[in-house]
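Pasting in a structure now, in structure tokens, and then I'll have a few things to ask.
Chain IDs A, B, C and D follow the sequence of writing; residue 1 opens each chain.
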Amino acid sequence: MTLFLAGILTLLAAGVFQAATPRPARIACFALLAVAGLLLAGAGAMTTLMNGAESVLFAFPFPLETVTLELDALSAFFVLVISFGGIAGTIYGAGYLGGYPDRPLRGHLFAFALFILSMLLVVTAREVLPFLFAWELMSLSSLVLVFFDRRNDEVRDATVNYFVAMHVAFALILTGFLLFMTRSGSGEFSSFAAATADGPFAETALLILFAGFAIKAGFIPFHSWLPKAHPAAPSHVSGLMSGVMIKTGIYGILRFTLIVGVPTTRLALIVLALALLSAVVGVLYALAQHDLKRLLAYHSVENIGIIGIGIGLAMLGLRIGNGPLILLGMAGALLHVLNHALFKGLLFYGAGAVYRAAHTRDIEKLGGLIGKMPATAALFILGSVAISGLPPLNGFISEFVLYLAMFAGAPLAAGAFGAVVVLTAGSLALTGILALYCFTKACGIVFLGTPRSDAADRAHDPGGAMLAGMALLALAILAVGLLPAPFFAAVATVAATFPFPGDAAAQAAPIVATLGTVSRVLVLFLSLFAFLYYMRSRLLARNGGVAADATWGCGYRHATARMQYTASSYVSPLMALTGRLLGLHTHLERPQGLFPARTAFRSHPHDLVDAYLIAPGAKLIRYLFSLLRWVQSGDMAQYILYGVLFLAAALAWIMGGT
Amino acid sequence: MSQILTILFGVGILYLSLTSRMRTYIQVIALQGLILFLLIARDFGELDWFTFFFLSFETLAFKTLIVPAVLWRIVERTHVARETDPHIPQFGSVVIGTAVFLAGFAVTDWVSRIDPSVDALPFGIAVSTLIIAFFIILTRKKLITQVMGYMLMQNAVSLLMIAMAVELPLLVNLGVLLDIFTLLFLFLLFLGKLHSAYEETSRERLTSLRDQP
Amino acid sequence: MVAHMLNILFLLFLPFLMLGVMSRIKALAGGRKGPPLLQPFFDMLKLLRKGAVVSRVTSWVFTVAPSLALAATLTALLLAPGVGRAQVISFDGDIVLCLYLLGLAKFFQLISALDTGSAFEGMGAGREALFSVIVEPSLFLFAGTLALVSGATSFGALFTLAQSGAWPAVAATTGTLLFFLLMLTEGCRIPVDDPNTHLELTMIHEVMILDNAGPDLAFLQYAAALKMYLFALLTAALVLPVDLSPLPAAFALPAVALLCAALAGIVESLVARFRISHVPQFLFLTVALALIALAASVYFRGGVA
Amino acid sequence: MMLPILLTFPLLAAVPLFSLRSRRAERSVLFLHALLTVGAVLYWAFAGPEEFIGYFRADTGNLLFLALIAAVYLAVIPASYRYLEREKVSELWHRIYVVAMLLFVFSMTGAVLAKNLGLFWVFIEATTLASAPFIYFERHQSSLEATWKYVFICSVGIAIAFIGILFLALSAKGVSDLFYTDLIANAPQLGRFWLLFSFPFLVVGLGTKAGVAPMHSWLPDAHSEAPSPVSAFLSGMLLNTAFYGLYRIFLVMEAAGLRREAAIFFLVCGFASLLIGAVYISGATNYKRLLAYSSIENMGIIFIGVALGGAGLFAAFLHLTAHALTKSSLFITAGNIAHLFGTKEIAGVRGLREADRPTGALWGLGFAAIAGLPPFPIFISEFLIAREMVTQGRFGLLAAFLLLVTLVLYGMARAAFGMYLGSAPAAAKAGPSRPIDRLPEAALLTALLILGVAMPDAVRRIIDLATMSLLP
């Protein structure tokens, strides 16, 4: 705990001192202190994972009164995720901000420190007010980070949108807390368990809380802010927001599931259903995007869905007392929280490097970057393989655990529940393959082929710090992918803190063994690949080597960059099937005549939630408001009339009363 | 005696509700001031001489002479002879005037049945005056007419005080008088400024400050 | 041990044999004599002895992809149930790893196709991707269904159906059909795709590997053949009786595989290729089959221990 | 000893100002007055309650309001100096400004200190009269219009309040006179009928000055036309003063066993104001008017808190305190922005962040504070109010409350970010050179932060005492 507190203080110091240091040294000073602080915090979390929960209590005057910071297994895990993601983000950010020598960055760096700090506090706070304070601090500091590129109007709109979404979430969470507080009579989370005696009441409160946290986490249909805010933010921030911040929503859901103990069936099924929806629809939306960072943002929705699947299964397991579902579902979800933090960070940083190099996020204008920025390309492809959940990388491990949960859990689940679990497995598979489709598109169109614009042609790899930040994540990805056993063991201990029928450790042990086998198989695969590749090179060398020539154009010799397959054309077969469901608007100018002058095809992905939920809502409110337009008409007599009428009504009411 | 005075007061406003000539308004206001003075003078025995002097000053000098005189001068200067097309046509306002009276007395009747101590006649007249005052403020267009409406309100309030025999402490009375005095002064001041700012000072001209949601 | 030996041996020859059988059957149906049964194998050997012409556009992705795809497919097949459902490597959830390794292979084949910057290859990649989007879930649905009933999580055990009873019958039929369809799809056969069409615009798998040559091409073709063989194996695992002693099993397995090949050949010679736009509707059949199996399992579960 | 000094100083000081024509003298008088007020507050805080000629009383009940007057006054004076310099005000109007300010503060102090309801009425009316010159101060047609509406509507309202007082006197006839303390002491004997009858008149009348619907309409006009430092005073203190009087009558009602009826009036007015605020904030095109509407909204919240009672009472007074400080800081900043960009239109202000960083920061923080984001105290008060609603099981109210507050937040966010972000027009002049100029706003916001995170017990006690204003 002391380590953790020391870390927090160091982080705060980083935020404060950088303002005092002269501009050239500022970023470096900040980065050093921040990384140090995060290392301390992480170390603190590690020790708690080893030795069990610790907590510290501060006494404040009104209104906070008591502030308890506790590190139990769950909090410790999230602290680890935050600190690792934070370290990578800080290092990368140090490089990324190097590109703005003309800006003081005092405020930005301070907000950055507060942002990470507040996340650490959110996952350790144990009373209502401190939690809400930390939560709000998190939202506001991230808001400040989002409008880094302040001149841009698009950024401004995204900021407002983000702000409002965060406060709707805030209001919902507040309401949920208030409901619990009235029953428990205290602001301590631990006391909320008392409220669960009243089943339906607790369920309502939980549903409201879930809605609030779901907005932060970005579950469909609560995701609307996410694909707007994340692209607007500078990449080192989007990486952290997408990789780490939205996980605080997941944390909230887990924390209160843990407090409540056994959720109702309805709640579990709602979570599962929304999770599946988010996973599948999220990735479908991602496929339709042309903006690289928007695409990644929608993948965050998808991955939140995958995490949600794990949580939903675990909730179901808690309800029907199904060991594998609880243990493996929860473990899979937590593992995926970590994994998503790793590869989504990496991918956003890669996208940032591309944006920095080519000055566009439009996939259709990129291409062939692998030649110009090989390191970034390699790292991005690595991330893509990982996020597609493919072996031998970390994404596969968490999905593997989830499949295990389903295969092992389904037979033990009575009647229809079993079928639900199997259908979940099918949807998870669909999600995985769609992700694969989407990231072959992202890698293929952005990095491979020939450049589609001069900007892309002039691109080059970023500097050391940015690459270092990405490399750090890449290493972690490989580590989790190739040596999953210890990581699983860790999350299993966290999962075991949930009310579990039977001995969790005993159930976890065989899985650890299995994962050992998995890593051996993966090693076998890699060596086989190495061998084959060696063979191939040898053979080619022997057979008279490789001749370079133009790509086979089916007889046509003058292929240009513009003749390449574009992202839209690559996904067009799928869009032909699902486009209408997604509200994809396409616009085609067919070639006319023998010698067509021009022909064009455009496609605009529209988010159905925006189109059919939020826009009409806003319209309705605007309409209702317009009903009150007459109030401030400017006519004084009318103003006085209000008072007179009110008076008359009041007197009539009194006369009626007496 | 006081009955007759009170009724006279009432007749005054009834007449007022159906005229639209400025001068009539002013005359009625002055008349009411006079009546109020007489009503006070009637029972000066109960008052200590200072309060009496003070109240009579308020009603006689202030309400009866000074204010009507100033209003008169403004009317003279700005040639607003009559309230041009009030929202409700003449005949309508006659009907409304009488209706208001009936309503006023209905209320009074109801009140006096609950609290017999109230003196029904002046109370009823006061209430009706009040309503008429609001009626004028709400329907008339000329700003000066609205000021007169406000004066009517003040007179109604004074009558109400007399009707309910409520005595406020002297300090308070002084303050109230001071306020009303300054207020009317301000009214007249800004009325002058408005006249110089707008060629024709009707309520509709003052609607530049407004909002749309 | 013997079984493992046999499995690995089969891995090397049966895929080519299946290809050979298919083309032979088509030839016979077309009234021709047709190439020798192991012709595909000889083709590969020839390719391994050739050099390569590689597009200037391409990057390391293109050079790495074939070996990676082959390695992944081979590893996947080591996890698959072979003779007497024996697997070279077996553990809980091995089926997931197996299918995801195939996914990895697909990933790299797709991006290496895009690496050439050729419109044709991009087109092929797009279509290939779409098809797997449709068929992939059906596999997991079916596997999940088997798990739901058997309570097993390992490949071999999953495919061990009870000897008699209604459920095994349903599972066997739906499964066989499902795997046969998958074999046609993943193996790029008619009616989904035509391996020896001559117009790039109509190709799917073939057009993806348009720019690969020499050993790379060999690797890719071998990988494709192996995928077909995998589905043959799964079919075999479903239909062959559980308690088959190793020796007959060693003969039964190739028999089933070749039977599948023969069937595929017959289909190819009878049916015409679908219009690309109609393929998805056809592929939804696989999902439908998996869902039928699931429904049935829920219905029959009472009878399963 | 302090009361007579505080009450006579402004009157006596105002007179010589007309003879010696020096701006410095005028300003120093103003400053002295502020210091005097602060001194008085401290004196009463330590020396305890004090009476004066039986009509004025400084006690624990009104200490909070005096303290707020002092705080806002201190913040407003330097801002006023800056304003008067910037606008190059003529000697005459400079004097008018100073004298009016003296009288304005005098009348508010008097209203707060008055023990007698009638006297309170006198002072409230006086606030209108004293503040009228301010609203006319910039002498456009629009300011003339605003002044006219302000004076007229408020006077009508106040007249209505007077009728209410008469009825109250009637109900107290033979039982008590119009001294609050007596009223509360003899509340049970008061004539229920007249008491009940008087309350709506008082609500409408004093509500007019307190800026709650339905008689709020003068507020946006007056606030947008007045010089910003004065707007700060109007919004920060005047509304509270009127509310204070109304609250004491609310207590009388409560003591007379008519709490339910009184609460219903407060609840209706409160939600009406909240609604008006939400609607017009979302559509506001002029940021000073937007702030004015937000004042209406916040007064609404205060009324709701009082109506709820229980913890809501403390919440209401905390909200009142926080709103006074926040809104004055915001209005002062708004004045600087208006000077910087030469417009009060929201659309005309862009890129505040680069035009003048400190102003931008203060603007942003102010909005965070007024929008009720933690850790600012307005969040605490709204939290307590919501909690009280849940405790009383009034979920409908809670839903409406949260919805409206969120809509207000949205309207504010749109305006605030619109002004804060973007790229500044070249026309925007450079901000004031010395950061010392930003001291008042900064100080107010710091104070708010302290209140929100770790409220000193003294402050908490003062607020608590204010809620039970009339208890002997």
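In the analysis below, a contact is a pair of C-beta atoms (placed from the backbone, for glycine too) under 8 Å apart; a residue touches a chain by one contact, two chains touch by 3 or more.
The model shown is predicted, which means the values in this text are computed figures rather than measured ones.
Enquirer: For chain A and chain C, which third chains touch each of them?
Expert: none
Enquirer: Check every other chain and keep only those touching both chain B and chain D; list them.
Expert: The shared contacts of chain B and chain D, listed by label, come to A.
Enquirer: Please work out which of A-B and A-D is bridged by more C-beta pairs in contact, and write that pair.
Expert: A-D is joined by more C-beta pairs in contact.
Enquirer: With centres defined as the mean of C-alpha atoms, identify the chain lying farthest from chain D.
Expert: C
Enquirer: For chain C versus chain D, what separation do you get between their C-alpha means, in angstrom?
Expert: Each chain's C-alpha centroid was found; their separation is 78 Å.
Enquirer: Counting in whole Å, what is the centre-to-centre distance of chain B and chain C, each centre being its mean C-alpha position?
Expert: Computed from C-alpha means, the inter-chain centre distance equals 100 Å.
Enquirer: Taking the mean of the C-alpha atoms as each chain's centre, how many Å separate chain A from chain B?
Expert: 70
Enquirer: Rounded to a whole Å, what is the gap between the Cα centroids of chain A and chain D?
Expert: Roughly 44 Å separates the two chain centres.
Enquirer: Residues of chain B touching 2+ other chains?
Expert: 114, 137, 146, 206, 208-209, 211-213
Enquirer: Return the residues of chain A touching two or more other chains; collapse runs of consecutive numbers into ranges.
Expert: Only 625, 628, 632, 636, 640, 658 qualify.
Enquirer: What are the residues of chain D that contact at least two other chains?
Expert: Residues 148-149, 152, 156, 193, 220, 279-280, 282-283.
Enquirer: Hey, which chains are touching each other here?
Expert: By the stated definition, chains touch in these pairs: A-B, A-C, A-D, B-D.
Enquirer: Residue numbers of chain C touching chain A in their complex, please.
Expert: Result: residues 48-61, 64, 66-68, 70-72, 74-75, 78-79, 89, 91-93, 96-97, 99-101, 103-104, 106-107, 110-111, 113-123, 125-127, 129-130, 132-133, 136-141, 143-145, 147-151, 153, 200, 210-211, 214-216, 219, 276-277, 280, 290, 294-295, 297-298, 301 of chain C touch chain A.
Enquirer: For chain D, which residues are in contact with chain A within the complex?
Expert: For chain D paired with chain A, touching residues are 148-149, 152-153, 156-157, 160, 193, 196-197, 200-201, 203-204, 208, 213-215, 217-218, 220, 261, 265, 275-276, 278-280, 282-283, 351, 353-354, 368, 373-375, 377, 379-380, 383, 386-387, 390-391, 398, 402, 405-407, 409-410, 413-414, 417-418, 421-423, 452-457, 460.
Enquirer: Would you mind writing out the residues of chain A in touch with chain B in their complex?
Expert: Within the complex, chain A touches chain B at residues 625-626, 628-629, 632-637, 640-641, 644, 655, 658.
Enquirer: Under the stated contact criterion, what part of chain D meets chain B in this complex?
Expert: So the residues of chain D in touch with chain B come to 55, 116, 118-119, 121-123, 125-126, 128-129, 132, 136, 141-142, 144-149, 151-152, 155-156, 159, 162-163, 166, 169-170, 173, 177-178, 191, 193-194, 220-221, 224-225, 279-280, 282-285, 289.
Enquirer: What does chain A use to touch chain D in their complex?
Expert: Of all residues in chain A, those touching chain D are 60-64, 129, 132-133, 136-137, 140, 147, 150-151, 153, 155-156, 159-160, 163-164, 167-168, 171, 174-175, 178-179, 181-182, 621, 625, 628, 631-632, 636, 639-640, 642-643, 645-647, 650-651, 654, 657-658.
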